[in-house]
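Next, two complexes with chain A in common: one pairs it with chain B, the other with chain C.
Up next is the complex of A and B:
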């Protein structure tokens, strides 16, 4: 009896510390490669901030994706929503500072609408989330390309603060990402909505029988997910100074956000994981990219290794589990 | 589980016809009305020829879907075959046969790797095949240096491009259509005639129950991934016949294949699916694209329509399943 309990505890502990172990490994690899190749100038705090700064959009998207995956759903429409949000923002702003606020409101409204529709299709029509959001991705991308085919509109100087501003040497966007993660972590850990998400993701039928309105929870998670993607679109519009209909799919934000969430220890089957793991996953991703750059791996070989890293990182958690996976 | 399992409800024969056949027939009539040349052999044979790679890919994908997983790497396999064959044939133009054999060897390897990652490392198939998709895409780009400069020999293009002439009644028969017929019959027998199909359905329906009942779950699932990868190689060889050589020739193919299987009534996450209906689903998808082309609608509209039918098809299938108690 005690042995069983002990083993269960050890398993729990491993799951809790696995992202940290992976992260430690990634940091160790980076430092090791930097020292081995004699590039210790890349081991400064400034460079660490620069590495983080490359993954802001992925981080924001992945925070939202964490919510979708925690309720045992998934969102493939984030990439096209990012493109649509960036284009909408830069078209509405059109270089005029007084249109910044309306543009932000419009983009957030778009995000909320897409999330709501995704959630309704998944819960009320009972369409598999993969198919529902894939269909939504096609609809958004098609609708977007029908109107714009190149960089459209422009972002006013004042809005560039989002991507290029800094507070005490730390990029504003990084502060924003961490604040967003803190809020998301708080919601998941301390609010009713957060605990509902874990219940519904863990076992939807049990949650329904326990009296939860599971449909609302799933819809809510999708609204959060789409809102985050919309914010990522705003960030990219600020960073690129304009929006184009391919920036989301170019960044492969749909599949990469899913990959970092899962690397961060959130179960693809839902119900277990969290935002800080996801942040760890984002960090691991950007560290590995930076390591490849240090080691001078060429772009295509980097892509090959990236696929291997995704599988290896997920296998690191999954290989211990006895459950059958889909 | 299978259609044969419920002989009691044979009375409502009409309701049991898979709607994909009705939709396909309606679409073909619509195309024929728009373009009278379609009823000539040149019209419909070229249509089937164009749909053949997708149909074969989808039929292979169905094996993985029925077993409860996804194979996102199928499109990358297609790209790898086309790019790899062009690189090899660029240097030795008369090596068609060993190049094809080599590609089937590579496909076998990809299928085995996918299956092993899912079964032994316990990585969910979505992530596992996403990893192989990224790695294979990188490998194809690495091999060709990003811009394939080889060319495909006429011998290699024969499979996708050539027509056999002097056939009674229909006049000519494209080789691609013969390949589709042979592969479709073989896969149909494997799924609906051989023991493998029953095992696949059992695994997809309830993996734990299947394991307890003595089904060699891992071997069955690995076989499904191998069949999917080998079908993708076949699709790649056919596609090489009429598509240009580029590093994105297979991009998005895997999602179209999943769409075709879903249109054919396959149930995502396993337990239900028919090879013939999947091939009909692939023809339906191609017919929709053809029809939109005839109507002169631009590419973005095609995307939106594809998204809408994807969601609608699954919603209708869910509704029918619930109302028939299946």
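Up next is the complex of A and C:
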């Protein structure tokens, strides 16, 4: 009996550290390949920042996706929302610095609205979140394509600071991402809303019987998720200097955000995990990409290997938790 | 501890003339029920008698169609479970509503976490949880994850939650259903402590032993109506008669006569796994062998090892004289084993499928094996229907989804699934958990019939009286080994002694 408990605890400790282990493996692989192929010039702090910089949009989106998955839901509409937000931002700004603030407000309002509608459809109409958000993705994408077919509008110079600005050599966008992660981590760990998200994700019936307004919690998580996607859209508008209706789907932000959340150790069934794991997942993803670039893997093989990594990482967790039960 | 005499405490909660119908079917009809401060009021009745509807009305999950609910004499209406909680009514459901990924303290404060300036006050949660656990005398760490706790410990978390809510009424729905004898004893003490503190405890149970141990008053529900109410402890037979409307004379089928016991079917020697050590025993044809022990003593682990679900590290198993080593449940079933899991809903049933489909699961999966034996048209629906008929499975039709059936009928359907395969050895884990009194006897009878037809039966149960009554022999396990053997009709205390390894029996 005591042996069983001890083993279970050891397994749990392992689970907590699994994302860190995976991350360590990814770093080791990257460094190893760099040294093997004689490209040690890529092992500088600047390069590390550059690797991270490529994943800002994914990181912001994935923070939101973490909320949706923790509450035992999911959001497939983030990629379309990113496109819509980027286009909306660049059209409203249209090169005018005085329109920056109204554009940001409009984009955030759009994000909040999409999240609210997603949440309402899922909770009040009881549509499976996969289907509800897939439908939302099609609606947004279709609506967007009806109005614009190419880069539309432009962001003013002043707004480029979001993507290209730096504080003491560190990109502003990276600082923003880390700050967002810190806020999200704090909310999940230390506030009522965060605690409610884990409770509802862990067992919605139990939470309801304990008196939680579970619908509101699910809707709240979806609003956070969509707001993050909207912010990612703002970032991409700044980075690309304009918005186009395909940038979200080109970046595969819907599936990749889900993949990094899961690689980061958040349970797809909800109730366990967190933002810092997700950040680890994002880092693992960018490191793998960077490693493939170093090794000169071609684009299609890269795609295959990414698929393998996702499946392997999830299988790794599954095997661990099965041992725990046995 | 002395039992408070009825009428001593103030009337805390009261139902008068409560009726509730679902789609025209009366679940409760003109039910009156009252519970006083400091008393344990047992609510008994068969499944379908209306107990769960009554609980759901008390807890605010349902609103009565007619009738009144009063607390301390004042009329009250619950629109949401939260209202009931705020009024001081806590319910401990049979299926625990705890979050396994969260800590004890987080579960105790689920839905009402204290905050300071918007931030959760984890220290206050921990302190209050520790206080509540202390009152219960439960040595649990508030920071332990609930998923790591044993079932009995989880129940303590539920009770701690009620204490910290300052519950005036505590409704416990068959709290001992998943507990072993030792854990039951702890629970009884806890219930007595709560009653002594002035809590009105509504205690729902099937077990007469618990009623006589704990209850000051007894209300018997039958077919949605109050069949009897006792203000003093009546004789168990009186209660049972009110529950089922008749006497249960031959509750357990008679044990096997020496002539009925045949050759050795399953022979296990020196078996060891990660949790078992040197387990050896024989099962003979025509025999029901009971396995007693505390939770975690290795009984379920032994069943799983025999069934090919756990790796065997040492020892040998032979079936009908031939050595076997099953590496998967499928191999074990092909070899002639069958297992009825303890957690029917999770491991035994496809809840959304029909009774017939559930019954045919085994025959379909092993259609080729059965065709090779070709003794009868096992795999056919007519065969299963006949089997279900013979076992007296009560369903509106065999096309009905099995989740609508009572526990007893579900268990019989699973048994039918096995009978279609003609197993040599059948392993029953908690065969009557969640099965009402009347149907229990039916299950025991079916087990005995099966043995008479030459099968060997391994019966794992935490319900000691049931083991003593139904089994021909009882093996007691402790810490992964078999530590004692008893014949039919052994004394409960002696078995407990062996199971706990203590000098004095705990219960």
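One rule holds for everything that comes next: the second predicted complex is superposed on the first by the 322 of 326 C-alpha atoms of A that agree within 3 Å, B and C clash if a C-alpha of one lies under 4 Å from a C-alpha of the other, contacts with A are read in each partner's own complex, and residues count from 1 in each chain.
Following the convention adopted for this analysis, a residue touches a chain if its C-beta (ideal position, glycine included) is under 8 Å from a C-beta of that chain, and two chains touch if they have at least 3 such contacts.
No experiment lies behind these values; they were computed from the predicted model shown.
When both complexes are overlaid on chain A, the residue A:134 reaches chain B alone and has no touch with chain C. Applying the stated contact rule after C-alpha superposition, one finds that A:20 touches neither chain B nor chain C. After overlaying the two complexes on the shared chain, residue contacts for A:182 are found with neither chain B nor chain C.
By the touch criterion defined above, A:198 reaches chain C but does not reach chain B. In the superposed model, A:43 makes contact with neither chain B nor chain C. Touched residues of chain A, counted separately for chain B and chain C, are more numerous for B.
When the two complexes are overlaid on their common chain A, residue A:212 makes contact with chain C while staying clear of chain B. In the superposition on chain A, the residues of chain A contacting both chain B and chain C are 326. Of all residues in chain B, those touching chain A in their complex are 68-70, 117-118, 120-128, 130-139, 141-142, 146, 207-208, 211, 217, 255, 258, 262, 268-270, 298-308, 310-311, 314-315, 318-319, 322.
Residue ranges of chain A in contact with chain B, taken from their complex: 74, 121, 125-128, 130-132, 134-139, 141-146, 255, 258-259, 262, 268-269, 298-308, 310-311, 314-315, 318-319, 321, 323-326.
For chain C in complex with chain A, the residues that touch the partner chain are 59, 61, 80-82, 85, 93, 97-102, 106, 110-113, 115, 118-120, 145, 148, 275, 296, 310, 479. The part of chain A that touches chain C in the complex is made up of residues 1, 3-5, 8-9, 12, 190-192, 194-196, 198-199, 202-203, 205-212, 267, 271-272, 326.
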